[in-house]
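These are the structures in question, set out in turn.
There are two complexes below, and they share chain A, which is joined by chain B in the first and by chain C in the second.
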Partner chain A sequence: MSNSKLYKGSLSTIILKLLAENNKMYGYEITQKVKELTQGELNITEGALYPALHKLEAEGFLEVEMQRVDNRLRKYYKLTQAGTKEKVSRIEELERFIETIQGIVNPKPSLG
Partner chain B sequence: MKQQLTKEEIQFIDTYLKKSGVEFIDVRIEMIDHVASEIENRLEENSTSSFYDEFKLYMIQHKKSLLKNINKYRFTLCSKILKQFIKNLFENTVLICFTLLIIKGLVLNSIIAISIEDLKLYFIFILGSSIFLSTLFPLIWFRNQQISVMKLAAVVCYFINYVLFRLIATLVDTNFIYYSIFILLISWVNISFVYTQVEYVKLYKNKFQLS
Partner chain C sequence: MKNLSVEQIERLYEFTRQHYVEYYDVQTELVDHLASAIEKHWQEDPDQDFETLLQKEFKKFGIFGFTDVVAEREQAMQKRYFQLVKKEALEFLKLPKVFIVAFLVWLFSFLLLQKEIGFVIVGSILVLEIIYVFYSLIKFHKASAHKKKERGGKTYLLEKMFMNMGRGVGGFVISPWQWYWVAEKTLPYQYFAVVFALLITFSFILHYIVFKILPAKKEEILLKAYPEMKLEKV
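Right, the complex of A and B next:
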């Protein structure tokens, strides 16, 4: 997707959703997972991903775990309890948004 | 099997990022892992290529995005630190230290009967040490590695102390009772600062395996 502005608003929802399904993930893994799920259509940049992760962490939705992997440290993110709750409401919000946009982009022909 | 980057190659990425202005180790750790993972992936796809070629190529393509927005979450972090300070005001350790401080002040005053001027000095000494511990000590402790949370916490401590001292100067300098109460309150706030900084020091020492 060339216009990254389109996904930026829903990036934190995507992160919460992925973490709910995968228990713990690190930054690079998230970018690869999104690429895989969207067949390369969505390419999350570092400049968008990390600030989003740090914001979610500072807000208390994510907790961090450090692990030593191959000569370096890896920062894993996990959902907190508050994060799990937040995920549910953000996904509902995103679904409603998608429906709304559908209504504009693809309006159903009205009868009569 | 996936090729793993060597210690020297990881060090190379670290030095490069440091020189590119990513001063905080906690921010850098994550970037190093990202860059290293991507390079490892590329080397796996193209086994004839070398670390330095892939590194150069990656930086040409991604450096701007990598270094963008690294400080964007500062404001949220500030409010998180403040919340932690406030929460720690009511931590047992902080309350016990604070109570001991008051008891010692009272003992000095009533039993040893030191003069009011000396008592003032005693309070100021305690206050000064706690401010030193909360603002300067963590920075001296981790002098080789800058950690964003702790530096920000020190700035927050400094700012709050500045405001409180401005208040004390304008409001209560003449009346000893008010002065003591105010100094005690500021000490309480600063004991909580110290406690929070010690928490951060422990966290970074253990979690990030820093020295």
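Right, the complex of A and C next:
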């Protein structure tokens, strides 16, 4: 998708959703997973992903875990309890938004 | 599968430093990202050149490179630090600490209401406070330089925040003086004395939190924020 502005506001919701499904993930893994799920349609840029992750961590929605992998350290992100709750409300919000947009882009013919 | 060598990992750390990533915690995350991306390329073609792949992956961060990542991380850590201060400050509104706060407010109001002599006493206390703030900042600076050396030159962002915020909050000592000129001219003297006493007490508590309470818990706070510190020690 060329217009990244369209999904920028939903980036943190996407992250929360992925973490809820995969328990714990690291940054690069998230970018790859999104690419895989959307068959390359959605490309999360590195410059946007990490700021979003750090913001969610600061808000208390994510916690981190470090692991030594090969000869380097890897930082995994996991949802906190507050993060799990936040995920539910953000998904609902996103679904409502999609419905609203659909209503504008594809209005149902009225019976009246 | 072809993995990065220790030297190549070291080169990635150096690369992040060259691109203005000063903090070890942010460097570590970026190094793992770049390394994972390079290894992914090698899965397809193991003969691809390491440096070329590094440049290719770095370009994906956009024209500002790592700047946005560092800036957002700084903001996030600042927020975390303020939350720590807020948590400690709220303790002063609970029993038994609230008695100390009430006593200080009363004491300063009482002194200020004595006018001349009270003013001299309060003024002297504030001058002592300024000296204390400067002394603490110097002590802070020395301690963090020593820690950095101990950790082999690694700087952790939250640790830096302790220093920076110390400086910022330290500046607050001047604040009651600034308010003094405004309050004195706009409020009846009794009210002014109470407002001024509240401000002085607030600045005392703030300094006590920033220079005494939080530094005492610093290692514990850092370990919570950076689980990798434990791994580093192993």
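Heads up, the rule we're going with is that the second predicted complex is superposed on the first by the 111 of 112 C-alpha atoms of A that agree within 3 Å, B and C clash if a C-alpha of one lies under 4 Å from a C-alpha of the other, contacts with A are read in each partner's own complex, and residues count from 1 in each chain.
As a working rule, a contact is a pair of C-beta atoms (placed from the backbone, for glycine too) under 8 Å apart; a residue touches a chain by one contact, two chains touch by 3 or more.
As the structure is a prediction and not an experimental result, all values here were calculated from the model.
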Room on chain A for both chain B and chain C (clash or fit): clash
Contacts of A:Gln102 with chain B and chain C, given as first, second, both or neither: neither
Contacts of A:Gly27 with chain B and chain C, given as first, second, both or neither: both
Which of chain B and chain C A:Glu46 touches, first, second, both or neither: both
Touched partner set for A:Val64, first chain B, second chain C, both or neither: both
Overlapping contact positions on chain A, where the chain C interface meets the chain B interface: 26-29, 45-48, 50-51, 54-55, 58-59, 64-66, 68-75
For the chain A and chain B complex, residues of the former touching the latter: 26-29, 45-48, 50-51, 54-55, 58-60, 64-66, 68-75
Contact set on chain B toward chain A in their complex: 4-7, 10, 29-34, 36-38, 62, 64-70, 72-73, 76-77, 79-80, 207-209
Complex interface listing, chain C residues touching chain A: 3-6, 9, 28-33, 35-37, 40, 60-62, 64, 68-69, 71-73, 75-77, 79-80, 226-228, 230-231
Residues of chain A defined as touching chain C within the complex: 26-29, 32, 45-48, 50-51, 54-55, 57-59, 64-75
